[in-house]
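Lettered A, B, C and D in written order, each chain numbered from 1.
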Amino acid sequence: MDQKIGSALVVGAGISGIRASIDLAQMGYRVTLADRAPHMGGILSQLDYQFPTDRCGMCRMLPMVEGEPDKFQVTLKQAPSPVDPDCCIGCGQCSEVCPVEVPDAFNAGLTHRKAVYLPVPHNIPNTYTIDQAACTRCGACEPVCPTGAIRLSAMGRRAFRILVVDDESIVRNSLDAWLGDEEGYTVEMAASGPEALEKLSAAPFHLMLLDIKMPGMDGVEVLEKARVIQPALQVVMMTAYATVETAVDAMKIGAMDYLVKPFEPDALIPKVAAVYDAFQETGYLKRTVGAIVLATGTTCFDPSVGKNPMGYGTVPNVVTSLEFERMLSGTGPDAGRLCRPSDKRPVKRAAWIQCVGSRDLQSGADFCSTICCMFALKEAAVARTVAGDDFQATIIYMDMRTFGKSFERYGQQTWSTDGVRLERGRVHSIAPTPGSEDVAIRWTSASGETREEIFDLVVLSVGQRANDQTALLAEELGIDTDGFGFVRTVPFSDTRTQRVGVFAGGTLTGPTDIAESVIRASSAAVNASRTIHRAGGGLVEKTAVPDAYRDVSREPPRILVVLCRCETSAETDSDLDALSARLKQDPAVTQVVVLEHICTADGWNALTQTDTAGVNRVLVGACRTFTYGKKAHGLAASFGLDPSLIESVAMDDRQGPDAPATVAAIMAGISRLKNVSAIEENSIAVTNRALVVGGGIAGMSAALAIADHGVDVTLVEESEQLGGNLTWLHQTIDGAPIAPFLDDTIGQVDKHPGILVMTDSRVVGAFGQAGHFFSTIETAGEPTTTVEHGAVILATGGREAPTDAYAHGTSEAVVTQRELETRIHENRLDTDAMKSVVMIQCVGSREAPRNYCSRVCCPTALKQALWLKSRSPELQIYILYRDMMTCGLAEAWYTEARKQGILFFQYRPDRKPEVSINTGDKVPVSVRLHDPILDAPVEIAADLLVLATGIESRLPEALALAYGAERDQDGFFQEADSKWRPVEALKAGVFGCGIALSPRSIPEAVATAEAAAGRALTILAVERLPAARTTAIVRHSLCTLCLRCVDTCPYGARFLDDAGQRVQVNPAMCQGCGDCATACPNSASIVEGFSHRSMFGAIEGALVAM
Amino acid sequence: MTQAIHIDIKNEDWLSGIRSFFTTVMEKAGIDAILIPTRLSVKNRIMPTLVSDPARLAEADPLSPAFPVNGAQQLAKLTRLPAGGKMAAVLRPCEIRAFNELVKLNQGKRDDVVIFGVDCPGALSNSDFRTFADQHETPDAATRAFCAAAFSSDPIHENLTLTSACRSCDHPTPDGADIAVALFGTDSTKGLTARAHTEMGETVLTGLDLPPAEAVPPQQKTVIAAMLKQRKQYRKQMFTAVEDATGSIHGLSTYLADCVNCYNCRVACPVCYCTTCVFTTDTFCHEPFQYLQWARRKGGVKMPTDTLFFHLTRMAHISTACVGCGQCTNACPNDIPLSDLFSFVAHHTQGAFGYGAGLDLSQQQPMCGFEKEEYGEVVGLN
Amino acid sequence: MNPQSVTTLPTAEESSESLDPIRAMVSACIQCGTCTGSCPNALEMDLTPRKMWRLVILGRLSAVMESKTFILCSDCYTCTLRCPRGLPLTEAMEALKGIAFARKEARHRGSRLFYEKFMETVRRHGRIREMEFMTRYFIAMKSPVAPFRFAPLGLKLMGKGKVELGGGKSGDTPLGALFEKVADLERTPAATFRKEGHQ
Amino acid sequence: MSYLYYPGCSLTSSAREYDLATRAVMAAAGVNLTEIDDWTCCGASAAAPISHLLSLSLSARNLALAEQTASDGQVLVPCSACYLNLKKAHDALRNDAESRATINDALEAVNLKATGSVRVRHLLDVLAVDLGERHLAPLVTRSLSGLTVAPYYGCQCLRPYPEFDDPERPVSMEPLIEATGAAVHPWEMGARCCGASLVSTQPEVGLERVFAILKAAKGADLIVTVCPMCQMNLDAWQARASRMAGEKLSITVLYLPQLLGLAMGLASHELGLDLNLAVLGDFREKITHL
């Protein structure tokens, strides 16, 4: 079936933009991804390491799809690239000759680059681009480009061709000077009418400045004739005062305007500019799209603006965390050696100053940037591996916000290593240390004494700031932004703006980390998809008809070798002849041809034209073959050969074609080719139904998101009603009541024709794989049923952890947050009878038994405290915390709470508050604690004690295992990758969302649900699930069933069949890593396309050349 | 449950004692068949034989220095899949170790076979054994003579012409057996002791209602210690010799120069478990062009090719599982001391992984199983 | 004061409500210590500013009054400038001096008299007259040594003819009326006002 | 250019030289100053603790008078303490209706009304911004090259109102000093507190500040100030500070306009140089040989 293809626009090609685009593309939409920068990747392309792996993971994301336009009209200003990416071979000769040097933004200005440069040094394939702002258009690069990839002269004003027609040379010359030399247009001149017409018929022009009074043929006549040759040509008449009427008549026959001679440049230039701008407009890209996803992200706070108390830019060796990231990087200024900028001395003592431009009303940031704490911890950890164990890191922080999944453990592990020191405090400012390049900083320690220490380097953990272009974009689209410039969303959603069809991903709706950005991106993508889907631009069926290639499996290898030649010289020719002769020795090589400059358009044509009738394999030898990577399929088509039968090897153009390395590469290529056999696509039929386990807000949101795409959903809920935790929650921190939202959601689920709700039901068993699962479901008082589905989403949620700490259970006056919430909700709380309330945070959290932060408790405490204050302002409320985890915009509520006079006491896990219950008419609870600020004991008489006990997972191990998913050590859903694939299990087709992933707020839970739905749809939207191109297979004749391969497979893609007779591989799960092939002693397990013989051949080839 | 029982010995005749013991085992422990070294009816030689008729045990001879094949392979054949009966096997310590490796590789199962082990003073190479056996008029005489020498209070191993694998073996006691029969340091006038090492062993012994064992002979420890001292010494010399000889590619080629790709060593190797070896697949059947290429390059190429490569590959595949039984040397038609080389390499590879081939069933073999963190630990990046 | 003494909450201390306007000024404090780190006189203070603000927030009036921290504020406004919460700390310090003077805290007598006598001169003449002011101050101090601390300077100044002895060219505008009016206004609680911060 | 002029008490007595120099330099620069008629004390640092309203009203009185003279005038204030008080009053009048009302209630007692229409400018603000080196450099008749000057800004002209300079690391004096041909002494003490009235009320504390500053000034030929309080603390207490520090810390301290005046060739008596408490002999030496 062939449906109308929906299309979407994604603005911003950062990690979120890419994620959203990939999701939409995989759901079958055409996606246009737009970004200001000349490269993709956003800020993350500058981060080489992310915790917890301290390795980069962008490679763990899938490639990008581009496409064309349904409802929104968007106009993108597309700056045509002066370097043709298809031709650029990245040789860098252009950069060598470029005279312009500018600070390299990629290395956060730590290094310099030319105006023509590689935007991301470590991209492959990598093509140069020109910094239009810095480029002086001197043109030096154009001639040196070996492939003619640079079309600078054909760019911008140079591309705008003006023809000046006047018999007076003075006029011609001055116009040439003004328009050509000054303004940079391309100006040609004609001294007479005929000459003008000649030029017009020779080449296209955009504007003609035409004199009226000329001997022979006058201007009017030229105009008439010219309009025949070039109808689109714009003409401005130049006239003497006497002949103004003629000029006016000329305008009747197509001239656009006239100038009265003599005229000043000021009179002419604007007219020309106007015509030029109109001409440029035609370069704009018009798009009609069904939905828009905004992912323009945030920028880093610039500490040098305003008061600049940190002396950034003035005090040496004070850098931002981003600059530090580049300093650590292998592609950074010091090639991965950690040296400080001022004198390149190795850094041994560094300090991180947190909350620079965050949680700082002075710099207008009443929010927490969320990422900096983990960022600093990670940088400290990585720095130790880069700079050695004698590296001393000091992190000076206000609250250590390890709020996310696995953050707390990562943190503990980092700061428990000696060499990493945490100091609670706040550094206000940095002054230069006279006569030294070291940096001295001063702060008041938690215990109150003032510390002054000297460091080699100080890193400012700069906060996130709303992107400057966000406001403009928001205005264009008519959506709101908050006081900080972040895009406002509708209640209970992090990604829906008030405008239907416009969604926001990533950090655009508030500061957040990579994982949440990726989640929001996927959420935004799936919501965009819903909009388009409702508009009829449904999901497309992948028409999986691969271009029919010739079947060569039965033929002996006949190889055509194509060698590329850069320059022609006697010696190269003889070398090439020698090489050809040598290659021809191999009976498998039937033909060797030499072509010129395959890297150029002509060369490439020559290549595609090459006759391949007699051959069934092709080897191309040329320099920088990676640049052909993206063209390989095109070549395959023109040769009618499967791409795997076409091999390209790199010839080093700095040496002769007979250089050992080159010969070795070619020989190796040949023997690889000899042994390859075209790999047939294997795929799996997809069952077009999803199973969602858990009927809380996450489960329901996921079910709705999927069902809205016309895919049926079975929603299984253990209890007798839907709603999960929302059934007892009263309102959100910003006062939005929960009940209406819950009722509405349940209503939608019940009404939805595509959703089958099974309450009182549990999944008791399951097997299967991505595309086709079988689940057995047990419903109270009914026979068990089996559901077949293509994907499963685990939304089993979590519950408030029980506790018996702080005398809970012994007194009515000691409650958990949930118990308080319920009392409020059921209106069973007499606030007037109370004078004071104490709240204790982190009860059993961030240490055994729950060594993680439950994330929601701090905002909840603020929510409840503020609610109580609003009820009775006289009420004294005391919050006892370890680190207030009010990340992102929640920080504002923290500030509000303090303004409201709510008192906060910080306590350390080794010095917990003590609680005693009083009897009789005494105030029921006494809380004793130590106030670190006063370094003195405090005793509080409380009418109510509220305990934040955190959240524990409700994901049963058996359930996870039934679907081949795993639980992390805290019993939550183990994601495939904590940042890049946050809602899916390593086993394909199994997803998790909501609290099952980790504790989170309602909007966050909804986001994960929609993200999981989106990811699931990428499977459910297709009829068959294609497997990876290269997978491992088993040669059963050789297999001894020792099962080493099964044990060793990291993806669990291998299993022993039911009969226990054969080892099977699930091609959808196999990632072709080759671990099994290594473990198997007799090559019963091999990775397709990597047979021993071809490997030996490659080695042999290399040896031959030696 | 019985831990150990006493095997009665009359007039110092161990062989008869052992035979009657296994007869009791077959009758009392419900064993359908027992794999035990037995005389060939056709010729005066010994081979592992699956005996179902207790009467045939009169020909059994688990004490003979004959070691024609490593029994582990044979036992794997018997236990790979359910056999429909209960079996027992009498194996040398190195055979038990090899079998354990095969069990880990799913090539055999221990669940329904009772493994008996007998203290092993060592064995002779096939050719030496033939000579030795022919020097005595009856096989029993030969075995008795051997035992007399091997189990004397201070055995002179030089006179025993044991294989170098045996002389360098440092696991002469059958610790991996379900039931172990102790011979070292026992007073030949008194009886022998069979001790259970596993639950299965205990159940069997219990069923035999034989008298419980007497106290462990005092000299047992000292005898074993002395023997190990001797062997470790020998082993050390052997390793230095091998190291000197094979330190370079040239040296190694020289060491293996006589190889003719008969693959006997591979066939004889108990832990070489592949049904079809990669060396007999198409992988090594090169194109004629390839041979010509080699010849062109070096001016000549030795045929058969890949002899060195074969041994290196085998080393790569089995050195972590090698139990040093010496059968490779035993099988080589051209007397290449392969076992010396392989046990030398095995010593290092197994050392690297802190692994002891065949010693502990529960210990996972090296390079099976994917360790997420390993990469970082090894290359020092994380 | 002795911070070790147990703070009991909710505040039991009577009369601590006079702190309320100041509490309101600093309630948003996050105890980050920027003020302490920035204060030129912190080292000489018995309570660091951070501690003192904490006590203010906790309503421990007597403990605050016992300290001389706020008296040692030299109005350099560095803390006010730097406070991440943008709190009007220097003003709050002044307000505390105000409370202390109003309570006629014995330990702050010296400072109080210095300020009061200063203002008295202003009240009488509209402008300050060092000589008159100093003499009044010394008399009020009832401290025989006080004058000598300033004597050298005083003489130096006189020597330079830099001490305005009054009756000279400088004008004389009594401001009694204005002082009275302000006093009246402040007696009527309606007028006790306070404005937040500087930004 | 013309300004309303509020000298403030100190400039009529302990800081007369500041008054003289200011008037002289302004005249030389062609700036015309109109002294506010019948101005009174701003309340200094003493009024605020006693009564917030009183301190505002005292300052407001002067602004009211200024408004009578020129409703859109600019009030030039050389004393930083006065400047801050007037600025606060101005801020209250301009940005807080409630305060404006109450202040004017108070001012009724003296039949005055203030709206905050005039602008309050510190002398340094005017010198650095309105005049700047472009106006002053041409007036330099004798270069002070060879002199190294430590610019001392103090607190209250910068904080809490960062009107014309960086309140943490001010630089506005540097171009002016360089215009005189003198060099700027590199230090970090320019905006650190001098101890203010603590030097009188709590000398043991206040003098700590003073000698920290004098210490840091070592290497400079002189310190220039823009506030009588700072000036007094830095010049009058050098002997005691030296004793505390146990090293000689005496150094010449001038008011900024005095320095400028010297460069403009004004006579030392016009600048009241003889009134300064700390003008060292060797400094006199130096300038006479310039």
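Here, a contact is a pair of C-beta atoms (placed from the backbone, for glycine too) under 8 Å apart; a residue touches a chain by one contact, two chains touch by 3 or more.
In this text, all values refer to a predicted model and were calculated from it rather than measured experimentally.
> Using the touch rule from the top, work out which pair, C-D or A-B, shares more C-beta pairs.
C-D
> Approximately how many whole Å separate the CA-defined centres of chain C and chain D?
22
> Using mean CA coordinates as chain centres, what's the chain A-chain B distance in Å?
59
> Would you mind pulling out the distance in Å between where the CA atoms of chain A average out and where those of chain C do?
56
> Using mean CA coordinates as chain centres, what's the chain B-chain D distance in Å?
Once rounded, the distance between the two centres reads 101 Å.
> By residue number and range, which residues of chain A touch two or more other chains?
Answer for chain A, listing residues that touch two or more other chains: 309, 429.
> Do you know which chain D residues sit against two or more other chains?
Counting only residues that touch two or more other chains, chain D contributes 162, 167-168.
> Send over the residues of chain B in touch with two or more other chains.
Expected reply: no residues.
> Building nodes from the protein chains and edges from chain pairs that touch, which of line, ring, star, complete or other describes the result?
Looks like something else, not a line, ring, star or complete graph.
> What does chain D use to touch chain A in their complex?
Per the touch definition, chain D meets chain A at residues 162, 166-169, 186-188.
> Please name which positions on chain D make contact with chain C in the complex.
9-10, 12-16, 38-41, 43-54, 57-58, 61, 91-92, 96, 98-99, 102, 105-110, 155-156, 159-162, 167-168, 192-193, 195-198, 200-206, 208-209, 236-237, 274-275, 277
> Once bound in the complex, which stretches of chain A touch chain D?
Within the complex, chain A contacts chain D at residues 307-309, 311, 314, 429, 431-432, 434.
> Quick check on the complex: what are the chain C residues that touch chain D?
On the chain C side, the touching residues are 40-41, 43-44, 71-72, 74-78, 80-81, 90-91, 94-95, 97-98, 101, 110-111, 114-116, 118-119, 122, 126-130, 149-150, 153, 156-157, 160-164, 169-171, 173, 175, 177-183, 185-186, 191, 193-195, 198.
> Considering the complex alone, what residue numbers of chain C touch chain A?
3-10, 23, 27-34, 36-38, 42-43, 48, 50-51, 54-55, 57-58, 82-86, 199
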